[in-house]
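Across the two complexes that follow, chain A remains constant while its partner is chain B and subsequently chain C.
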Partner chain A sequence: MSDLQSDIRKEAARLLSENSVDVVIGFENASVPLRPQPAFIKRAEDAEKLVFNGFCQNNLATFLNRYPKTTRIGLVARGCESRAAYALMVEHQHPRENLVLIGVSCAGILDWRKVEARAGENVLSAEEVNGEVKVRSRLGEFTFDRAELLHDSCARCVHPNPVNADIQLGETLPEGDKALARQPIAEFEVLSSTERYAFFTHEAERCIRCYACREACPMCYCAECFVDHTTPRWAESTVGSSGTHAWHLVRAFHQAGRCVSCGACERACPMDIKMTYLTDKLNDDMQSLYGFEVGLDDTSQPPFAAFSLDDKDRFVS
Partner chain B sequence: MTPWKPKIVLYQCQWCLFSETDQKWVDSQRPRNVRLVKVPCTGRISPLYILNALQGGADGVMVSGCLPEKCHYKEGNLGARRQLDEFARLLTFVGLEEERVQFAWLDLQERGRIQAELARMEEELTALGPAQHLVTRAPVKEGGLA
Partner chain C sequence: MKQVQIEKNALPELIQRWAQSAQVVAPVKKESYTAFEVITSPEEIELERAHNTRYPLKALFLPQSEVLFRYHNGEYLPAEAQDSTRVIFGARPCDARALTLLDTVFEEEGSHDPYWKTRRAAASVVGIGCDQPCESCFCTTVGSGPFDRSGLDVLVTPVDGKYALEAVTEKGQTLLANLPELSASEQKQVEEIQQRAASQMKAAFDPAGVRDKLYAIFESEYWKQVQQSCLGCGVCTFLCPTCFCFDIVDETQRGERVRNWDTCMFSVYSLEASGHNPRPSRLERTRQRLMHKYAYWLDHIDQIGCTGCGRCVRYCPVGLDIREMIRRAQAWEEA
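And now, the complex of A and B:
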C-alpha cells in the first residue's frame, strides 16, 4: 500500500507541475485515525499530503460536479470511483477531456465500525502491513486479518480495478464473483413478506434524516432533492415512519441502474442503517431485465433514461 | 353491516379509454371504493404518487395506460412501464403484497376491460384484506385538521 501511496504522490505532483490538471482529488490524513478525509491538491509541492490506504472510505467521484466543467480534475480513482465518474459523464456532469483518472486497484475498504467493534473505541493508530491491520487502542494492540475487516460492499465487490483509467497504478486484481454479489439479495428474497417488511422498517425507521447518505453518494447531485421540495411535499420531512420509508425507498429507486455499489452511503450513515440491499436489488434487476451495468463506458444511458419498443413483450395482459 | 371493500386508487391515462361508455363509467359510474386520478399520460406518474396512495391508506393502486406504439405522446408509456414496473417490484421486495400494485395496458378494441380488471383486483384485494404494510400516513379524519 505504501508503494501505491508514493506512486499516487508522484503522479499527482507530475500532473500538477506539468499543468495538465488544475486540481487533484485524493485523500489526506485527518485529525483522527481510521478516517482519512478528501483532499484537494492544487500545488505540486502539496502532493506530499496525499495518503492512500484501506481506511479511505469516501467515494471521491462525489466531488466531480462541485467544480465547473472547465476545471481539469485529476481523480484518484478506485474501481467504484472510476465507474461513478463514467456514470456521471453519461449524465453530462463533467466532460471526459477535463478529467484525468489516476486509476488505483483497490483491495477493498476497511470498515472503521468493524475495527472499533473489535479493538474498542478510541483507536490511537492503525496501519496496514502485508494484508494485516495493526491497531493500537486504549485496550492494547491488536492485529487483524484484512479480509475480516472489509466493508460488506467491498467484500462482494465485482469490479476492484478502475475502468479505462488514464494512468494505472498498482497491479491489476482479479475481478470479483457476480454470484457472490447476488447472494445477499437471493437470501433476502426467500424470506416471507412479513419478515422482509420487518427488516425494512427496522432499518428505515432508525433514520434521523441527516442525509449523510445523499451527500456521500456520487450519484446524488440534484440541485433540489425530492425530500427538500415543498410545493407539493411528496415525502414527509419528519423522522416518522412515513417519511423515513419514503426516503429510503425513493432514494434507492432514484439510484436504479445508476448505483455503483460502492457502499459510501452505508459508511457515511451515523445510525449504521443497511441500505445497499435496496440498490443492489435494483441493480440486479437492471442487469437481468436490460443487461445493463453502470459505469463501464461514457455513452450507455441507464435503463430509466432510455427506453425502446423492444420492451413491448413486457406489457403483459 | 356492509362488507368491507378495498379502497383502490386508479391512475388513469386520459387517452387510454377509447370507448365513450367505458370512459363515462370510469368518470361517473365507477364504484365508490375506486378513487380516480386522471393524468395526461402514464409517463406523468411519479413513483411517489403510488407510494403516497399506499401510505395514505389505499389498499391497492391500479395504473391504466395505453399499449406501446399507441401512446398519445409517442413514448410516455414506455418510460412509465420501465419505471413503475420496477417500483412495484421494489415495493414487493420490501414486503408489500404484489397484488397491491397492478397495471392495465388497454387496447383500442377492448371494451369493458377496465371494469373487468377493477373487479378482478377488488376480488384479489378482498381476499388479502386491508393493507398492513407501508400504511403510515393516518388518513385525515372528517372535521380534523386539513
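And now, the complex of A and C:
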C-alpha cells in the first residue's frame, strides 16, 4: 500500500471522527481490475476502504453538485480536481467553507486502454511500484514505465499539484511544461480549415450521444443541458452530423475558460473520441486573449461569464 | 444439425461466395476497437479480438437512428425498405441471443414492427463461438453460453487450423451448401472445445431468486448505496445488446420522423409533459435498469434480459459492475 493512500485514509478518518466533514469523496476498489470507483465515505471506520493509485480515472469534483451546499465535503483533490473545485466555487456551486480539499499531488492518471493495448485484452491486475507498473494479464506478466501509460491529458498536465488545498499529502511535484502542453494545440492550429473540419468530423461521427463526457465533467452541471431541452429543441437528437456536431461544438464552447483540462471526458467516452483538442485550444485562447486560467482561486470569473460596466469593448449598447 | 468444415485460410473464399448474393457485414477494426460494417473484401475482417465489437449487434437491426418516414410540403414519403439480403459474419453468441429476446418485443403477436421484421427476415447471422471468454463475460450465469446457438443461423467453432461450421437453421444450411462434412472424431473435438470454454467461466452469481429479491428490496436503502457513483450517462444501455428503448422525434428541418435510441438512465427519458418526472433521480433510474433486466423481463417471457456480454461492465466510466450490483442485492439484508 502506498504511503499516500494510507495518509488519505488517516486524514479522511480524522476529518470524519472530528466531525469536520459529513462525507469524504475519494476512491475505493471495485470488482473490475484497473477501475477503482468513486467512494463516498461517511463513517471514520470506513475510511479504510479508500484507495489511491494511478487508475483512479474520474474527476471527483463532478460529484460536488450532488450535495446540498450545506453539506461539508472532504474532497480527495489532485491538481485538476482542486482546480475544478475552485472553478465551481466561483460559479457558486459549493461554498469554500463547506469544502475541505485533501490535496494530493498527482503523477498522472494511467490509461487502462493503453494497458490493454500492451498487455492484452484480459488484464487481471496491475500494481504501481517505483514509477513502474506491473501488470498481470492472461498473456503473462509485464512491466511498463509509468510514463508510457499516462492518459494523454495527464502526459501534458501543467498543474499536477492541488491549488490551495487545506491538507497537502505527498511531496509537491514540479509543474508541467507549458510548451509541451501546447504542442497538440499548435499541431491542430496549423491545419487548414478543411483539415480541421475533417479531423473534427472523424472524431464526432463516432459519437453515440451517451453523454458520458458531460456526466464525467465537473464543469457540466446544468440542471437541464441544452441537448435535453425539448421546447424548443436546440439540437437534433438524431445521430447524424447536424445534432452530433452541434453537441460537440456547443459543449466545447460552454467550456471555454472553464475546462480544467483533466481529460475526464475522454476517459469516460466509450467510443474513444478525442475532445480535449477543442477545449485545450479554447483554454489557450483564454490565456492569450484575456490572460485567464481557470481554477487558480475562488474569485476570478471566466471571461465569458464575467460582466463589467467598465468593459472597454462596449459591443452591447 | 449437420456440421461441415473449412480450412481457416479458405474463409475468404466462403465469404466471397456469400458476397455474390448478399451484403456481408463483419467486425472490422475501427480506432482501438471493432465495429460491424459492410465489407468489400474478406481481408477487412478482424477476428483476432477476444472482445466483442464495441457497438452491439442490435444496431444492425435497430439502428440508433431510424427514419420511419419523411414528409415534404404535406406529402407523406415512405422510408426506403431496408430489405437488402445480409450475411452477418462474426457475431458473438451473446449478441445473437439478444436478438431473440428483442424479437419478443418487436415481433410480438399483433404488434409487429415492420422495420425490425424486414431486417431480421433479410439477414442470416453467422456466429463465432467464444473459445476464450473474457474476464467481463458472464453468459453462462444468465442462461446462455459461449457457444449458445440462439439467434444464430450458423455457429462457427475454431478448431486448430480449421473452422467447424454448424447449420442451426435452414438459412444456415443454404450458406453451408457443398462443404465437406466433419468426421465423427472431429465432431467430438468440437464438442470438447465448446464444453471447455463454458466450464472455464465462473458463475458471476446465482440467478435463482434474483427477481424475487429485487422486488423484495424495491424500497430499500440498497438502491441509495448502489447508485452513488453512477454518472447517469447512457454507456451501459446504449452498448447493451438487449436495451431497446426509443424516442420518436420529428426532425422538422429535414422533414423526417425518426426513431432514436433512448435510455432510462437519462432524466429526460421519463420526464412528462406536465414537468413531473416519475423517476426523478439516479436512484429510480438505476433501479429501473436493474429491475428491467432481472425482474420485468422474467415477468414477461421468463428469461433474464441480459445475455452477459459484459459491455456495461467494461465501459462504465466509473467501474460499476452489474454482476457486483446483483451480488450485493442478493446479500442485502434490511438493517
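Going forward, the second predicted complex is superposed on the first by the 305 of 317 C-alpha atoms of A that agree within 3 Å, B and C clash if a C-alpha of one lies under 4 Å from a C-alpha of the other, contacts with A are read in each partner's own complex, and residues count from 1 in each chain.
The rule is short, and it goes like this: a residue touches a chain if its C-beta (ideal position, glycine included) is under 8 Å from a C-beta of that chain, and two chains touch if they have at least 3 such contacts.
All values derive from a computational prediction rather than experimental measurement.
Colleague: Of the two partner chains, chain B (first) and chain C (second), which one does A:G240 touch, if any: first, second, both, or neither?
Modeller: Both partners, chain B and chain C.
Colleague: Touch test for A:Q37: chain B only (first), chain C only (second), both, or neither?
Modeller: In the superposition, A:Q37 contacts chain C only.
Colleague: Look at A:L150 in the shared chain and tell me whether it touches chain B only, chain C only, both, or neither; answer first, second, both or neither.
Modeller: Touch status of A:L150: no partner.
Colleague: Look at A:F304 in the shared chain and tell me whether it touches chain B only, chain C only, both, or neither; answer first, second, both or neither.
Modeller: The answer is first: A:F304 touches chain B but not chain C.
Colleague: Have a look at where A:A252 lands relative to chain B and chain C in the superposition and call it first, second, both or neither.
Modeller: Touch status of A:A252: first partner only.
Colleague: Of the partners chain B and chain C, which touch A:E189 in the superposed model: first, second, both, neither?
Modeller: Only chain B is touched by A:E189; chain C is not.
Colleague: Thinking of the overlay built on chain A, is A:L278 touched by chain B (first), by chain C (second), by both, or by neither?
Modeller: In the superposition, A:L278 touches chain B alone.
Colleague: Would you tell me the residues on chain A in contact with chain B in one complex that are also in contact with chain C in the other?
Modeller: 236, 240, 242
Colleague: Looking at the complex, which residues from chain C come into contact with chain A?
Modeller: Of all residues in chain C, those touching chain A are 30-33, 49-51, 54-55, 64-65, 132, 134-136, 228-229, 231-235, 238-239, 247, 249, 251, 253-254, 256, 258, 260, 263, 266-268, 313-321, 323-324.
Colleague: Taking the touch rule as given, give the residues of chain B at its contact with chain A in the complex, in rising order.
Modeller: Listed in rising order, the residues of chain B that touch chain A are 46-48, 51-52, 55, 67-69, 75, 78-79, 81-83, 85-87, 89-97, 103-105, 133-134, 136-137.
Colleague: Please give the residue numbers of chain A that touch chain C in the complex, ascending.
Modeller: 30-33, 35-40, 57-58, 62-63, 113, 117, 121-124, 138, 206, 208-212, 214-216, 228, 230, 233, 236-240, 242, 267-268, 270-272
Colleague: Could you please specify the touching residues of chain A with respect to chain B in the complex?
Modeller: Its residues touching chain B are 188-189, 193-200, 226, 234-236, 240-242, 245-246, 249-250, 252-253, 256, 278, 281-282, 285, 303-304, 307-309, 311-312, 314-317.
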